[in-house]
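Sharing a structure below in structure tokens format, with a few things to ask.
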Amino acid sequence: MFYHTKRLQYEAKPEQPDAVYAHKLQELIGGAWGEMTVTMQYLFQGWNCRIEGKYKDMIMDIATEEIGHVEMLSTMVARLLEGAPSDQTAKAVQDPALAAVVGGMDFQQAIVGGGGALPSDSNGYPWNGRYIIASGNLLADFRANLTAEAQGRLQTARLYHMTDDPGVKDMLKFNLARDTMHQNQWLAAIEELKKDGVEDTVVPDDLLDEEHREHASSLWHLSDGESSDQGGWAGGTAPDGNHEFQYNANPEPLGGMASAPKPEDHLYATYSEEGMLKKAAKQVKNTVT
Amino acid sequence: MFYHTKRLQYEAKPEQPDAVYAHKLQELIGGAWGEMTVTMQYLFQGWNCRIEGKYKDMIMDIATEEIGHVEMLSTMVARLLEGAPSDQTAKAVQDPALAAVVGGMDFQQAIVGGGGALPSDSNGYPWNGRYIIASGNLLADFRANLTAEAQGRLQTARLYHMTDDPGVKDMLKFNLARDTMHQNQWLAAIEELKKDGVEDTVVPDDLLDEEHREHASSLWHLSDGESSDQGGWAGGTAPDGNHEFQYNANPEPLGGMASAPKPEDHLYATYSEEGMLKKAAKQVKNTVT
Amino acid sequence: MFYHTKRLQYEAKPEQPDAVYAHKLQELIGGAWGEMTVTMQYLFQGWNCRIEGKYKDMIMDIATEEIGHVEMLSTMVARLLEGAPSDQTAKAVQDPALAAVVGGMDFQQAIVGGGGALPSDSNGYPWNGRYIIASGNLLADFRANLTAEAQGRLQTARLYHMTDDPGVKDMLKFNLARDTMHQNQWLAAIEELKKDGVEDTVVPDDLLDEEHREHASSLWHLSDGESSDQGGWAGGTAPDGNHEFQYNANPEPLGGMASAPKPEDHLYATYSEEGMLKKAAKQVKNTVT
Amino acid sequence: MFYHTKRLQYEAKPEQPDAVYAHKLQELIGGAWGEMTVTMQYLFQGWNCRIEGKYKDMIMDIATEEIGHVEMLSTMVARLLEGAPSDQTAKAVQDPALAAVVGGMDFQQAIVGGGGALPSDSNGYPWNGRYIIASGNLLADFRANLTAEAQGRLQTARLYHMTDDPGVKDMLKFNLARDTMHQNQWLAAIEELKKDGVEDTVVPDDLLDEEHREHASSLWHLSDGESSDQGGWAGGTAPDGNHEFQYNANPEPLGGMASAPKPEDHLYATYSEEGMLKKAAKQVKNTVT
Amino acid sequence: MFYHTKRLQYEAKPEQPDAVYAHKLQELIGGAWGEMTVTMQYLFQGWNCRIEGKYKDMIMDIATEEIGHVEMLSTMVARLLEGAPSDQTAKAVQDPALAAVVGGMDFQQAIVGGGGALPSDSNGYPWNGRYIIASGNLLADFRANLTAEAQGRLQTARLYHMTDDPGVKDMLKFNLARDTMHQNQWLAAIEELKKDGVEDTVVPDDLLDEEHREHASSLWHLSDGESSDQGGWAGGTAPDGNHEFQYNANPEPLGGMASAPKPEDHLYATYSEEGMLKKAAKQVKNTVT
Amino acid sequence: MFYHTKRLQYEAKPEQPDAVYAHKLQELIGGAWGEMTVTMQYLFQGWNCRIEGKYKDMIMDIATEEIGHVEMLSTMVARLLEGAPSDQTAKAVQDPALAAVVGGMDFQQAIVGGGGALPSDSNGYPWNGRYIIASGNLLADFRANLTAEAQGRLQTARLYHMTDDPGVKDMLKFNLARDTMHQNQWLAAIEELKKDGVEDTVVPDDLLDEEHREHASSLWHLSDGESSDQGGWAGGTAPDGNHEFQYNANPEPLGGMASAPKPEDHLYATYSEEGMLKKAAKQVKNTVT
């Protein structure tokens, strides 16, 4: 169960409104790598965690923090939209700076949200549940979390350079710092899984003996760039300590021809030996005559 | 530009049809972590790679391989659907095994695909472009790739146990092996970035001095589990070698009250000091009388 | 900012696993009217509320409660999936009850979720941000909230009859009660808005004098059912106390012909007076000859 | 079955083209609360209505009207796009008013629609079937309809202020009036259901005795705002006349700890008492040595 | 503007309920090629048609008919769901036929639709506006219409074989006939466009002289199948009478290397000549030492 | 299996960057009729083709070509974005041309793509798998392919006029030419199917005798336009040579009343003869008193 305090985790006060920036900031709320994603991803991972104790507790700590990040960003967007020229008609525009705003606003923030944030990204596409993963396998999921924090900080850093507003920049400096922390945190958690002996390097930590091991270490050279054999992935011991990288310089297919079986009659897939035969017969006849 | 050979990268021949398994296998084709995802993710990353040479070449090698994986799985699905009881009515079913099939088929594989694979997942949801990321930052993207290969191998391993068919299992043993290789490959590529000095640990490798450093290393304890301070993430040096983890056991909000500014009149957000005053006045009057 | 306790708002313990019911229960988690919807809808409404005080505070109270409902349902789903026959092949099924389970499971709960709940509905479609509304107008939004609680309780009531499990039913009895409370709560809040004089009956409470008043009270009879004039909507004073209902028994269109203007050349919309003329000329010529 | 007349229900003639406004107007066509939504929602409700007579007939009357509203708006959009500077390149722009247009157009209206309306909203997101509800329960659905007309009129009112064009404003005055009518109509229909004794206040009108009644009337105070107990929802008789509101000022969770059961082996969820034990053993050993 | 009669265009009465078939039939309602698609596609095409007269009138005739097809199918689905065992629990199933039904039902038809049709396809995915096209170019759009009627009749034919119910089959015989008519109708309309001289063979009928004509007639042989030169597309005069087909047996790329330019600094795309240089220097040093 | 060469099929070099055009060009990459669609559509059709030989081989040739078109366009977008003013704030804009760019950019190309193309359309909506069809019936699918090439060339032609850049225009001249070729190619393939006797005119080529033939040739006149009887579709022999077109000038419905059956109790659909009776009784009583 959850409790809420109306105070924000960190201050979210722009010095001035900026409707175009409010449009861009939607990416950090409802984008694939935005705060709604980490909120929901960590909540479902926490609820679904099968080991009681430090892992589950840590996931729930950070999951709960992330709800508050959506709150900070939504508050910031509402404040950036104060006085937005929503009902300024394009043909009345006299000033280039206003023209850029009128052209670059998120119309739905006004028409749908009444001057507030939306659960959508910076292209107006709604956040959806396929963005998140909670697979039950902590190594696979911590890698997903590390990725989310990396992509999220990358986007925050890009947005940091798209504004001059000291208030916005102040909040983003907090967000950037939290993303730094969280990248370190998931890296540490990945190490912890290994130290605890619950997960190793390859996910999942099983079937390594059953799979076709001869295909588990070679890079197939299928594009004609000439340097793919020069990286650490083309030779030497693999990071799992268990395979030797190899380079397959001239790869040939190992399987037979791709083909689909004769279709069921009632599905009306095109298939007709007779049709082909009729055609062939006609051609023969034509040739003969 | 691309060339194609009709031979499959690896054989994809089931011993017997199995329509329910063909339904489940859709996850590996059009799921969030399926082969369409890695195909498109690696292609866009390769085309968008800003460093010529080994990284770009390696990405294109593996991107090109993945198209062939969609091909293998689609071929397998078509073969698993051979003779599927698509037009068997439910009320005619006499046999439990057939009942499970009739109930568990993907109806669209017959009605829409004519007995073939679809670009959808095992719940019939279509693959979409928001599944992939090509951010231009190789460390952020290689972490996404490592995640995709981990989640993909995890799902393949789960599906491996959902069939007894030797032909299916043989193909999955190849797929499992490739996923092992690719996990190692992206791990090696992440190390390579560090060795080459082009990326470090935190993504992006910048703004670390500008962000609010005091908030870049503490775990906020916001859920009442009692063990989150027992992991490597709660103390000691962080994986980036640059921060000391801390534990914020009784976190207080740092910001002010969340609030949205007075709305624009023409957006009709509910806001009325007068309304509230009228009400208050009425209450006063009532009290007085 | 938010805090979390690991204790559930109410107990969520099934007596026995039931994988098909776990599939159905997804509707209450990630469906259009599920708990993720009310969670996000109330959070965005609260953050975007322009009147400080009782309305905003009440919205945040209930918003915070709803996060915990997602938690309860997700926990219930994980427990219902314990021992689910995920890797049971269809052709091995000997028992009708098992056949129904094998055919009716949500494959993604196993393959993607590892035996846990997903942010999707009972057809596997992911929850998305377009389900929610936070318009800033409290009357419009409270009606949306009342609707959500009504549709939500309706679905919960339907699901209540789809199980015999006492543990599941016990939790649903709590959920049903909360939905009853919340329907009453939003109805009371709608009355409160009127009492406080901040909103009236028609949303938004403006432009009533500017709109074409003569069209604001008549039912246009456009389908040939014979009874639509027999309801309270076809005569008498309208609920807003401001209009008299009328019945337009034989409605005629008031506008001119629908037509689209001549297209821009470079858009290649089909448009050719010449083409038509050429054709006409040819026909004339043919007739003449 | 349906018949069509080419005359519009009301005139839809702008005085001048306005491509940015054509972009915004998409919200009323294909948005979540646009005319496609009410069209489809009322049609499915009407077809699925289980009581013959006045309710079904009224629903079909209004459903049929709404198809014509999509027609009016689509016609308006095509006319607003006449002469739109679709092939004006950004770098050739000399005039701020034109800059605002070039930046703010809906590119798909030109590239995809050839200068016509699209079944999408003002952010280019396509209308979809999850927007509508036809549950079979008329009270639940009439509340949804009332909400749709309220949100729809709210958006229309906002758009009314975003144009100066007399022709556009004239059409919107008609639309606003119809939305007023329809809000009143659904309010009247909700009253009618109660008068007829077919539905009461809580949806559905059942299980009130079976649900946990002790939880059906209290507001849980889970956010620290101090005023949520000051509204009509925190005390007194509830709108259904059947419950007394209560205020739970210091709510404690009623359930046990959230937890997920031991996972199935083949799903590879992280779970390892042994792993934890091994780790502990190692630590002990280290300490000892 | 539209009028409605409650009588169906054709009868829609199953002899017996069949809940699994009701699930499958959703494809014809809300699938990509279902009746909602042709309804909306033809309506938008008609409203957006730039030539007054026979084309526009014919499009509106058929568009209006299609609304009635959604009505017929929705009515059929509601009737097929009569008495559906929605609250039958899986573990109580004793009979294989019932097991197939319990496993194969569309849960949302009960939980969300209350026993009625949904605006979704047979996998529960909602209909959406990206399915339709109304480009303004009649030849391009009539080809889309012909395709829709072809795919639609194909799916109807498949579904025709999935039922034994005489009432269902009777309705489908009507639908099949209409689809035959409509395929012929769009083929005739395509011919008419040519006869009238408004469109020719290639869409759009322009830029043929401006495009790189030398690339407008050759088949690039990029897959190693050996027969692609044996069809009418590999030689002879093309259908537009304006090009001679050619076969490019050993195609070579015509462009330069794919590459992306140096990124902007603030986007943090990985790019570092220095990084690479440092690495190279280190390698040189290592070699030297 | 696939091979890749890094050389582009045709050159993709703009003379100058143009960020707004890069936004528009997304339509040709990830739009419904963009290159991702034809790539995936042809690949799935080829893999699923049931006739070995010329058809399958030709499909695979063109499918493989299309992957390279996505490559060309993605490369072009990255180059058009070089130096895009992503971090230019709106309020600093002094120049109308820049204002148009700042307002009209695709924010995600910077924030998400780091200055590269996205798998989305020009409104930022992601490409998805429901755009494609691979039904197994070659005639139905070749019509879909012809449509895709027609709509694709139409959009390319529109975009051709939206730029003055010689490098962009040069590439589009190649694309236009390929689209001309591919329209001819699919038209030739449709003829070939007929010549070979494997498909005829109506899809699927079956059930023509079983369907209600009396309804397979008449145009129902359901809209009041006066010219729909003047086209070739209203009389004479139909294109299949097998039906005589007819014109149903005053169509009447053939079916009975649309109605839904009595609902199941536990679904709580509103249905109450008693309710209605009670109401009637009350009215009688009121009248009497």
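Chains here go by letter, A, B, C, D, E and F, matching the order in which they are written, and residues are numbered from 1 within each.
The rule is short, and it goes like this: a residue touches a chain if its C-beta (ideal position, glycine included) is under 8 Å from a C-beta of that chain, and two chains touch if they have at least 3 such contacts.
Computed from a predicted model, the values in this text were never measured in an experiment.
Visitor: Shortest hop count from chain C to chain F along touching chains?
Guide: The fewest steps needed to get from chain C to chain F is 1.
Visitor: Please identify each chain that touches chain C as well as chain E.
Guide: A, B, D, F
Visitor: Validating interface symmetry: for the copies chain A and chain F, is the fraction of residue numbers used by both over half? Same or different.
Guide: different
Visitor: Taking the mean of the C-alpha atoms as each chain's centre, how many Å separate chain B from chain C?
Guide: 26
Visitor: Can you check how far apart chain E and chain F are, centre to centre, with Cα atoms defining each centre and the answer in Å?
Guide: One centre to the other, that is 7 Å.
Visitor: Specify, in ascending order, the residues of chain A that touch 2 or more different other chains.
Guide: 1-9, 32-33, 47-48, 53, 55, 60, 63-65, 68, 71, 75, 78, 86-87, 96, 99-100, 102-104, 110, 112, 114-116, 120, 123-126, 128, 130, 133, 135-137, 139, 154, 157-158, 161, 195, 203-204, 206, 222-223, 225, 253, 258-263, 266-269
Visitor: Of all residues in chain A, which touch chain C in the complex?
Guide: So the residues of chain A in touch with chain C come to 1-9, 30, 36, 40, 43-44, 47-48, 60, 63-65, 67-68, 70-71, 74-75, 78, 112-120, 126-130, 132-137.
Visitor: Please name which positions on chain D make contact with chain C in the complex.
Guide: Going through chain D, the ones touching chain C are 5-13, 32-33, 46, 53-58, 60-65, 68, 71-72, 75, 78-79, 82-84, 86-87, 110, 114-116, 125, 128, 130-131, 133, 135, 137, 139-140, 143-144, 146-147, 150-151, 153-154, 157, 160, 173-174, 176-178, 180-181, 183-185, 187-189, 191-192, 195, 201-204, 206-208, 210-223, 225-234, 238-240, 243, 245, 253-264, 266-269.
Visitor: Write out the stretch or stretches of chain D touching chain B in their complex.
Guide: Touch residues, chain D against chain B: 154, 157-158, 161, 266-268.
Visitor: Going by the contact rule set out above, which residues of chain F touch chain D in the complex?
Guide: 18-21, 23-24, 27, 31-33, 96-97, 99-104, 121-125, 154-155, 158-159, 161-164, 222-225, 253, 258-263, 267-272, 274-276, 278-279
Visitor: Tell me, which parts of chain F touch chain A in their complex?
Guide: Per the stated touch rule, the residues are 1-6, 47-53, 55, 86-87, 89-96, 98-100, 102-108, 110-112, 114, 120, 123-126, 135-139, 193, 195-199, 204-206.
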